[in-house]
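Okay, so chain A shows up in both of these, paired with chain B first and chain C after.
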Partner chain A sequence: MNRTNKGASKDALFRFLGEGTDKLIIAVLLGSICLFVLYPILRIFSQSVLVDGWLSFDAYADVWQGYRTSLWNSLFSSVLTAFFCTFLSVAVALVMTSSRGWVRGLMMGVILITMVSPPFVSSLAYIQLYGRRGWITHRLLGISWDPYNCWGVIWMQSISFVPMNALFLSGILTKMDTASIHAARDLGAGTRAILMDVVLPLIKPGILVTVLLTFVRALADFGTPTIIGGRFNTLASDIYIQLIGYSNPTKAAAMNVILLVPTLIAFLAYRVMLEKSDKLTAGRGGQGTVDLKLHRCGAVGILAMVFSMLFFVMMLLQYGSIFASGFMKVTRGVYSFSLDYVRQLIKYDSATIVRSVVYALIVSFVGTFFAMLFAYYTGRRNVPGRRFFDFLVMMPYMIPGTCFGIGYILAFNKAPMKLTGTALIVMACMLFKQLPTTTKLCSAALTQVPRTLELSARDLGGGRMAVLRDVILPGMRTAFFTCFTHNFSSSMTTAGAIIFLINPGKKLLVFNLFDKVYLGEYPMASLIATLIIVIVLTVEGLVWLFSRRKGKRYVS
Partner chain B sequence: MYLELKSLKKKFDGKDVVCDLSLSLEKGKLLCILGSSGCGKTTTLNMIGGFLEPDSGSIRLDGMDITKLPPERRPVSTVFQSYGLFPHMTLLENVIYGLKFRGYRKAEARKKGMEYLDLVGLADRANAMVHEISGGQQQRVALARALIVEPKLCLLDEPFCNLDAALRVKMRQELKKLQRELDMTMVFVTHDQEEALHLADQIAIMEQGVLVQDDSPMNLYRNPANTFVRDFLSLDQLVWMEDGTLMKVVKDGRGQL
Partner chain C sequence: MKKIISALLVLVMAMSLFAGCGSTEPEVTVAPTEAPVVTEAPAAETEAPTEAAPQLSGTMKVVATSEAYVDLFNKFTEETGVAVELLSMSSGEVLSKLRAEGGTPSADLWFGGGVDAFMSAKEDGLLEQVNFEASAELDPTYKDADNYWFSKGLTIVGFLVNNTLAAELELDIPTSWADLLDEQYAGEIIMSNPAISGTNYGVVNCLLQVMGEEEGWKYFEALNENIAYYGRRGSDPKNKVTADEYAIGITYLDGTIDALLEQYDVTIVYPADGIPYIPEGVAVFKGAENVDAAKYFVEWLYSGDENLQMLSQIDQKTAVKVIKPTMEGVELAYSTDILVDVDVALFGSQREDILAKFEVLMGDKAATE
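== the complex of A and B ==
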């Protein structure tokens, strides 16, 4: 009797502690979202309209006066990029999903490499291949032209956004109800009719989503116009110059707010379209391929094949040039193999390499757990202001990376929260910038853990912490690995958000890459890009191996 | 015979899914292929529909060898288990889709489409979208869409398995009526014994890719080939009344199916 009593009181204590931890987790989650998402965004707005504590719209007037061309350029190039890129993406997605065997493998390989590539590689390859002294334009064709203009920007942006879009679209294509396609065939539709009557109409909302997302990404992209735009400035590249060159945060903030307007409009439309798309493709597909013979689909099919071939050839050229030029040396116009750049990189940048990996690993661990917990608490538990926080967490996905970064500078440059120059601010910025994607992944995984499991655990006597530890976290195991790899590759490759936050004494690889491209040290830049790709692929491979090994143990 | 399957064979990953299946069916009759899941009934149906090519054997329909024809050129149409309705089209557009490939003019097609929608009792919902109607109604649209092209053979893949019990009974009565009215030859795949016994003119029972017995419901009832057939059809619990209706014996000795 006495013993059970003792046991019971111990249990009660644990339960009490568990409930306490539970509350603490909620407080930490919500508090840090307010601090690292809401506050920086609010700071951008307040900075842009407050001058010495007084409300003033001078900054906006200035921007409107001085940067109308940039704004116009931004809209013009982003709209064109959105259309070209979507066109290419649809072609690539169609070819990818309807092909099999080694062709499919090769395409997936190329897409995978592009997904783990740092930004700026397209621009870098563009200069090396098609620039004034480009391998193709100058050496092969013997022409000398000026590649720094708006068409180069549009073309490079279009190409570099294709992989993500193609993956998104092929996801929709493979989710499509295969019975629809079978039914059309059964009723007499040939391949051409199936493509035009069934496949394309069904992915139409998905195509529009692609247009909108690409538009937003193009608007936010400062790297491409900065590097290959020449005299073609966009609002995003001007923000960069405004902050780095003139250190004028008020103006930069106002420009960001202006840039936010078209972005948010596009996002509203995007939400509507995405819902439509989900409705149309709520099928049972999931076979990974679509049974469609593209070469028999008439002009549209042929066009799709030609354009995706073009895309893959360009990609191969691009990566070929990047991988090669880091290991080559040019003496009097003759190229030869050399490890000079490798030696140089190791000599000067080994600390940077280690630092980049360490930052990325920390962000991956913390970010993944944060996302899992957030997904659980907002998805399953009655957290106050759930919808509001759901919305807040999505914000970093919508707003341009540079904008988010400036928000951080403005928010954390004064005591008591002076974080600028520290490692913490860089990692926090990475973490919260990636949080929208990782929470989405975790929420999706959570729907696979039935609520009844959670209820049974509680029914059998488990406290809240036991539910979390024994049911929720194990159930999201696969999501953990997916989020981890996503976090890692993003942390190694994103530049926009953190470019202003990096302390010159504590550089990261991405930052060095941008620096080298900007300074025209293309072989070194290529080597850094290659190194980033190799590191990310290695870590992803290790995570994959690890997930498989653990998985086996669970099964046996 | 109108439909003749001769020694059909199909392997997946070296495993026999359908082995040496021969079946024949008269015009205007309804054949049920009955069996538990994984017995090869859907594979058989997919071979008849042209979605799978048999490893060997032949399929003849109305005197023509259709074994090698792709689905779009077979005079066969299918009602899919998940219906396969086009979510971006109205009911009418769904129904008349097949006419597009048969040289119909738009006005003609619409007129005929309305007739068939009327036939399944959905003429007043012609302009509704697929997600706006119920499961039973979607089932009817899929049926109308398959029948409007006047196929020589209509295939149905467990068409009622997504419906609730009461609706299922109603739908199978409607299907039987429609089949008789149009004198349509049909092959129906199901794992539901009651459904088979009520609908079919002829039942083919399959087990692990092999045809166990193929006969009329009455003959199956009278002379089951083996205990498997008897148990699978739960014949011990059925009584065939003199007026041709089927009675199910429940525990207290009464009850009707």
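== the complex of A and C ==
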């Protein structure tokens, strides 16, 4: 009885402060996006056109004249990666959603583990397995071939982008309107016809979104071509070399701006496609599985099964070799078990491990709330420049991480905004680098909170803050956990953006991983990668348990 | 228009907000408290350079080529009370970062890496002059004439050959740079991109100096035909050879490479027609937060022989003896006669031109001038 009274007075207080807090939140949200996304990107741009204070497009002329081959290479390999990867992803998603029981659980498990993908080590595992002296290619099959070329890059990128795409596509598949499948079946359509004429056309926008996002990711990926490209250069790997070798931030910045052109085109197309694919899933509950017998779907079904099996086997081999390498020593071609690397890691890097987890947790909490608030304010409220900010927040997705990091140094190296050398700049960079994905996740979740609910809360006298606290945030509960785990996983594995921001005394695990890869200490790199995967999976597991417990209490 | 103005307003608001946050960050406030030390340190230096350390405080931040130097820096901490934080970074990365930071470096000391990057940094005015008594004892060939950088050793370069692969592919073990041009090695030699690897830049610069511009470039064009690819990591040649991926790697040679003999079936080759080398730099960053500690470290390192001995052990190299010929306790493992006769000063001044030419030579890049 007292509760209502208390609640009412609390609400009154909130209403009183609410309007002010509301404005403050908007100001902080948009202000920090300007500061941590727009400003660093503008600094990259100005770096590319200002030479000693004068406007000059020399860097662009240089890049256009000298690096066109790399640009074509980038486009060529990214287009192929986008298609191969999407093909694989669709196959995996179909197989996963149409299977049941433990098979489905196993596949889901592999996808969840491989979603955590520490940078670089996958490429190193690829060399170990399929190199000129690879365990599979040479030791097992007795062939020696050269994997250091563009096909290696395309294949490697294709399979490493599958887990996320497959999860996205199976989300769409399970939420698909099953009525049309039943209708088709009732009308006498065969399984093959249902797949080709009903299922695939229905998820077409989702497939196109996958193509475009993969294309953008492949364009920005510098790790894979750096390690297995051989003589094959892409613009992203050239940017990396400009920064790490020629120490020429100006040229790197110009390359980056050029690379933005195809990225932006793909991105605009993606926006159009996404609206269509959102309509597919909007407001429908998941069925869980798709009632489809793939092995009866003719050649296409068989192909899907074969390719997804190939994918799962390759992933198991790849991660198996990463896990194993951290515990093995090689002496004259003979491998033996060893805990030396584990000891070394514990001795020198315990502080680094703790620091990495703490940073990632902070970024996950702040980043998730930031994304939820941003999704709400741009999605539901008339914030000035809504579309502009919505676009701005996607920018970090399109820029290779190394340049985003350099942008941060350029932007924050002088008082009154001197942040270089602090922990804040590293965490801010991680947070805003991941914002494109987390805001998308939150926007999608927001569509599950009916607008009418929000309006009725307002009509019943709820202040703006009360609506946010009692309607919006609880409604996005599931999204909170998804965002949190995504943020955490990315913070533990994003290397490019923070390589240049890390300072002595503030080392992170992923930096350590990069360093070991650079120095060629593969077993140590594998061990760090394994540790990162274990940490991320543990945190994800805890979050999952927590969300279930909370969920139960919520219902009762 | 209205929207833009409101966005700008928001930006200004947020900036002041974050500036407020920034000033409470401990890193920023450390500098003023250390300021008084500035006047004391030089006095202590001139009076008794090798005796008790001057009054130093705080933390010295170091970027080094490896974390293996931790023992050396621990010794420094024990003797001076200055805590050291170490981060491993390649010299190209350091230079990029320095340039982007625009005079507000986030580290104090730069330890190791090809001296060419140090020369470029000096050109850009990013380094601090360090004058100390013992610097007179250092061989002037391997230090900056104005004391902006010093060398901590020499990286010497040769070949690492995989015996199993060489036998399988019926390759002779090459013994000289000239040998590498033989067509039997086509696609079996690996070196790193000289822009990334100071070691391999040393090879290019030294051989160009020894052979002369014209002959030198002809040599590298011919060598290019045999190179499988140019690694994007300095460690690639060594790793690819030990992993049985390629037969011949052009790599640095030191105690760690000697140790590979026990683990792998490989041969180390000191090329008969001259061994290229590149000094490894040490310098203090201009405008760093704890310049005094870093300056004192440089003096400390070169003044006491036991420090250099320790460095020599960690590096598994004996070239410190070349850097400071008067030092005791380290004997040079090789005669300096086997090193190519080059002008070290050219490493820096020719860097940009050589790398630009080499970038085109490697293929797929068009010349821009």
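One rule holds in what follows: the second predicted complex is superposed on the first by the 462 of 556 C-alpha atoms of A that agree within 3 Å, B and C clash if a C-alpha of one lies under 4 Å from a C-alpha of the other, contacts with A are read in each partner's own complex, and residues count from 1 in each chain.
The rule is short, and it goes like this: contacts are C-beta pairs under 8 Å (C-beta built on N, C-alpha and C of every residue); 3 or more make two chains touch, one makes a residue touch a chain.
Since the model is a prediction, treat every value here as computed from it, not as a measurement.
Peer 1: Kindly say whether there is room for both chain B and chain C on chain A in the superposition, answering fit or clash.
Peer 2: fit
Peer 1: Now for A:S336: first (chain B), second (chain C), both, or neither, which partner does it touch?
Peer 2: neither
Peer 1: Quick test of understanding: once the structures are aligned on A, what is the angle at the Cα centre of chain A formed with chain B and chain C, as a multiple of 10 degrees?
Peer 2: Vertex chain A, arms to chain B and chain C: 170 degrees.
Peer 1: A:L202 contacts which: chain B (first), chain C (second), both, neither?
Peer 2: first
Peer 1: Looking at A:N382, would you say it contacts chain B, chain C, both, or neither? Reply first, second, both or neither.
Peer 2: The answer is neither, since A:N382 touches no partner chain.
Peer 1: Per the overlay, which chain contacts more chain A residues, chain B or chain C?
Peer 2: Chain A has more residues touched by C than by the other partner.
Peer 1: Just to be sure I read the superposition right, which of the two partners does A:A193 touch: chain B = first, chain C = second, or both, or neither?
Peer 2: After superposing on A, A:A193 lies in contact with chain B but is clear of chain C.
Peer 1: Check whether A:G421 is in contact with chain B, with chain C, with both or with neither, and answer first, second, both or neither.
Peer 2: A:G421 sits against chain C, while chain B stays out of touch.
Peer 1: Just chain B (first), just chain C (second), both, or neither: which does A:Y348 touch?
Peer 2: So A:Y348 only meets chain C here.
Peer 1: Quick one: is A:T452 in contact with chain B, with chain C, with both, or with neither? Answer first, second, both or neither.
Peer 2: A:T452: touches no partner chain.
Peer 1: Between chain B and chain C, what is the shortest CA distance in the superposition, whole Å?
Peer 2: Chain B and chain C, overlaid via chain A, are at closest 36 Å apart by C-alpha.
Peer 1: Do any residues of chain A touch both chain B and chain C, and if so, which are they?
Peer 2: In chain A, no position sits in both the chain B and chain C interfaces.
Peer 1: Contact residues on chain B for chain A in the complex?
Peer 2: For chain B paired with chain A, touching residues are 49-51, 70-74, 76-78, 80-88, 97-98, 100-102, 131, 142, 145-146, 149.
Peer 1: Considering only the defined contacts, which chain A positions touch chain C in the complex?
Peer 2: 26-28, 30-32, 34-35, 38-39, 61-62, 65-70, 73, 127-128, 131-133, 146, 148, 226-227, 229-231, 233, 237, 240-241, 243-249, 330-333, 348, 384-385, 388, 406, 409-410, 413-414, 416-422, 424, 499-500, 502-507, 515, 517-520, 522
Peer 1: Under the stated contact criterion, what part of chain A meets chain B in this complex?
Peer 2: Chain A reaches chain B through residues 177, 179-190, 193, 197-198, 201-202, 204, 279-280, 283-284.
Peer 1: So in the complex, the part of chain C that touches chain A is made up of which residues?
Peer 2: So the residues of chain C in touch with chain A come to 2-4, 6-7, 10-11, 13-15, 17-19, 21-23, 25, 27-28, 59, 61-63, 66-67, 70, 85-90, 92-93, 95-97, 99-102, 104, 106-107, 117, 120, 164, 187, 193, 195-196, 228-230, 232-236, 238-239, 243-246, 262-265, 355, 359-360, 362-368.
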